[in-house]
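Quick heads-up: structures coming right below.
You will see chain A twice below: alongside chain B first, and alongside chain C after that.
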Partner chain A sequence: MAASIRALRFFSDCTRNIYHVSRCRIKHVCCRAGITGCRGYSDSTEGRSTHFGFQTVPEEEKAEKVYKVFESVAEKYDVMNDAMSLGIHRLWKDTLLHIMNPQPGLRLLDTAGGTGDISFRFLEYTHSMYDRQQRLRAKSRQTPSWQDITEHYASDDAGPTQSRAVVCDINKEMLKVGKQKAETAGITTGLSWVAGDAEELPFDDDQFDIYTIAFGIRNVTHIEQALQEALRVLKPGGRFMCLEFSKVTNPLLARLYDTYSFQMIPVLGEVIAGDWKSYQYLVESIRKFPDQETFKEMIEDAGFLSVQYFNLTGGIVAIHSGFKL
Partner chain B sequence: MMCGLPGYFRRILKTSRGYYCLRSFGVLTGQQYTSSGSHQYDGRLYPSHIPTSPVQKAILAVGSGVAALKNPYRHDMVAVLGETTGHQALIRLRDQMRNDSEGCTILVERPRIRLSTLDLTQMSALPDGTLGREYLRFLEENRVTPDSRADVKFVDNEELAYVMQRYREVHDLLHTLLGMPTNMLGEVAVKWFEAAQTGLPMCVLGATLGPLRLSVSRLQLLVQSLGPWALRSGSCARCVLSVFYERRWDQNLVELRHQLNIEPAPVNLFPSSKKTSSNS
Partner chain C sequence: MSHALRTLATGVFSVQRSVSAQPLLRLVKIRGQQRSRSDGVKGSESQAFDVSLLEFLVCPLSKKPLRYDERSNELINEELGIAYPIIDGIPNMIPQDARMIHTTEKPTES
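This part shows the complex of A and B:
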């Protein structure tokens, strides 16, 4: 199935974007089908190997390795996030929602959504905003006329104003954990779970009002491809938002952050999740991700406009935002 | 190589080519890590090695201790605790092995007890009462496998890492040698024996805290007969790591115990009388 998807992508890329053909998609099709003769193509071209943390690995292997990392950490993912960031990741995610300021009735695509943190917050935010709007409306209608009351009934059904969130993640274990969380929290309506690759989203064009990817884009093998897909699935006027670890500018904070990352985080990973190597990958992959300005340029290259970024906690994380116009 | 804390922090700030956490800092500062004789595994001393600083080892020791106490089924935490606290004991064990001719052979040949290295058909064909047959019976009855032992990760010396690995792999054989089952009482008895023999802090901790989970009657049994026997045998016995078990599968178990100076267990803890004795 992977081979056919790759073949399909090859053909759609050909018609849409010649640039991607030059990145040797042909080789991907051949190699996925296991034809070893094609390896001759690979020797001198770049884009054949990529980074996995500080290691260099062939591109095809990176996705698999990343999959294995998240498969093994899925159960303890949330606990580890709290332990590693001392709970601050919750503030980062809350800030993302505040900057997003979604109105009720919008459709969100939460890519690399995994355990659903952003989607839950989105639904909570829009529901509370909806309730607030209802209350304000009710206050201003102290002595309603019959006309007002009928209008009120008509507009009160959940349909048109319901916000919907789609959590998309390549890793089924993470989705499983997310679904269990949703059940425990009692969130049933307005949430769907889809397994899909950020480089090749299983959605039609112009579907979503908001696209978010929180702490996921650095794990994608071809970031430009993910940005292209984001542009494709957003409606015109839609917003792209990315929450990701970034470069710390203050040198003292940078030193402390590095020491903490490399000394403490793998140790926490070993003790809490029994997995040193996955968390070593995590801190290394953060170092390999481009800095705020470079990533902003990548987003602009993909076709987004009005791109800006906000640094949080001294640059440890950054929220990038762009619009499809 | 225990350096003092100020020295350690100085090393980090000076971005030196220190041994610990080099890969990460090396890339950050653009320096390539070099170390004598460890090019084979890219900075590590053996395939499963993860180099750690003294600070990291300390945090690992405390963290794994707490995790193991909270959830005794976390065998990986018990293993980490053993590795991070056992440096001195491992050195002592290795020296004991070096002073023994069979132990020396083991240190040179580095045998591993894994399902892939055991000849199961041959072992099951051995007569009852032999080490190989009884070991196989123990594995089948308790549904354990020698491959479930975690690899050593945090020991910063290749030979000591092997000694630690050997200790783990010999643990099941110890159950067979001592005639102890894998229930809580049997495990505690084996831990007391190991604590007396090896002096590993993890064994001592397990031996001290294990009895807290026993019922009163079992605790009584432990304190009155099993415990003293285990401690006595442990201190008088020959170093169990120095025995080349892989070449003694056909040796009679009773005879082996006698050779190693291990007294037979005072109590039969197995539900059916599967315990090996000369009158089986």
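This part shows the complex of A and C:
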């Protein structure tokens, strides 16, 4: 009996969602027109509201609500990512690293890095890069003199090529899970964990070579503020990179994707993580996030240069990149 | 019609539950146990605060450097009189979680 009630609830939720999708698309377009229309005017701070999924909530409440979502899913976050994306999220993250192509010795700020996926990849990538460079150098000098060898060891000890990744996330639960993951995997050197807000980064100016935010900026209340902070902490010449869900351009894929995300993901959330609402929020927040071109403009407005984006999997996810020059 | 739908739905749901959820949940549980076990072994060494972070870690409000107080295990902004806690080796730099220091000379109670 309980199961059938559950199933009924599932069905009614699904139909409601379909309604939501069609209604919200219209609302979304209106909203965007409204925002661009009044960008120049000063807006009053009191009673400003923002969206939390498809709900409209006062701005002060959003951060707390998002915090609760990630607090409750932290333990199952990685399992859920694999289940929802059928493992494809790993490929998206790998692609981010390929585009980034970091050289050894760089310093990365992995904002909203939660369980450390980007930082682990960054450290692995730079280490293998370093090994390859060493191998190439060794090959070019087949018969080194003793002096060369001692110099080589001396320079290694100084460690100027030590890459460093700093994971910064507002959610302490996510950091805890990430840190445990790093300890199990034996990754300790060059990795630090900091609880901090992307809108108020606890880092000095001009400190990082790369700033990444993967599947995080969507959950930030003031995106412009987060972009400003990214610009501040990056060194001149540093690169901003953002991996985020975006807008699917192909109408057929869009239909499929909508059906999948509104009907499957909350169910998966309920079955695996025992949390329907959080995954409902996830799907809704994706629909609320600006599309590729709009977000590109926002990055440019923040002051980044040569901003570009790459669509992955037909635009389900996009990588935005910009430079501080 | 509604009855048919209901039976179909329950059917699908129960199949999903019995097939996919149980092994996955078990897997998660086993992983969790392993994780906590390895924690106990390595715990103490990883809980220490990494002082090299102070090179670029600043107060999120004033963006000024911080002082690490080993005794209370906090990061202190003398100017504003704010102390940021360090929990399990992770500095918590969220202003809402910080503590106000009334007199800097007094030893901290906690």
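Criterion: the second predicted complex is superposed on the first by the 275 of 325 C-alpha atoms of A that agree within 3 Å, B and C clash if a C-alpha of one lies under 4 Å from a C-alpha of the other, contacts with A are read in each partner's own complex, and residues count from 1 in each chain.
We adopt the following convention: a residue touches a chain if its C-beta (ideal position, glycine included) is under 8 Å from a C-beta of that chain, and two chains touch if they have at least 3 such contacts.
These numbers were taken from a predicted model, which means no experiment stands behind them.
In the superposition on chain A, A:A214 makes contact with neither chain B nor chain C.
Contacts of A:A112 after superposition: neither chain B nor chain C is touched.
In the superposition on chain A, contact of A:L243 is made with neither chain B nor chain C.
By the touch criterion stated above, A:A195 is placed in contact with chain C alone, chain B being left untouched.
Greater residue coverage of chain A by touch, when chain B is weighed against chain C, goes to C.
When the two complexes are overlaid on their common chain A, residue A:I170 makes contact with chain C while staying clear of chain B. When the two complexes are overlaid on their common chain A, residue A:M264 makes contact with chain B while staying clear of chain C. With both structures placed on the common chain, the touch criterion links A:D205 to chain C but leaves chain B unconnected.
Contact with neither chain B nor chain C is seen for A:L234 once the two complexes are overlaid on the shared chain. Residue contacts after overlaying the shared chain place A:V69 against neither chain B nor chain C.
Applying the stated touch rule to the two superposed structures, the overlap between the chain B and chain C interfaces on chain A comprises residues 267, 271-272. The part of chain B that touches chain A in the complex is made up of residues 12-13, 21, 23-25, 27-28, 50, 52-53, 55-56, 59-60, 63-64, 66-67, 74, 76-77, 80, 153. Within the complex formed with chain C, the residues of chain A that make contact are 3-4, 6-8, 10-11, 75-76, 79, 83, 166, 170, 172, 175-176, 179-180, 183-184, 188, 192-197, 200-205, 207, 267, 271-272. In the complex of the two chains, the chain A residues touching chain B come out as 54, 255, 258-259, 262-264, 266-268, 270-272, 274, 276-277, 283-284, 287.
Taken together, the chain C residues at the contact with chain A in this complex read 5-6, 9-10, 12-14, 16-17, 20-21, 24-25, 28, 32, 34-35, 38-39, 42, 46, 50, 52-53, 56-61, 63, 65, 87-95, 97.
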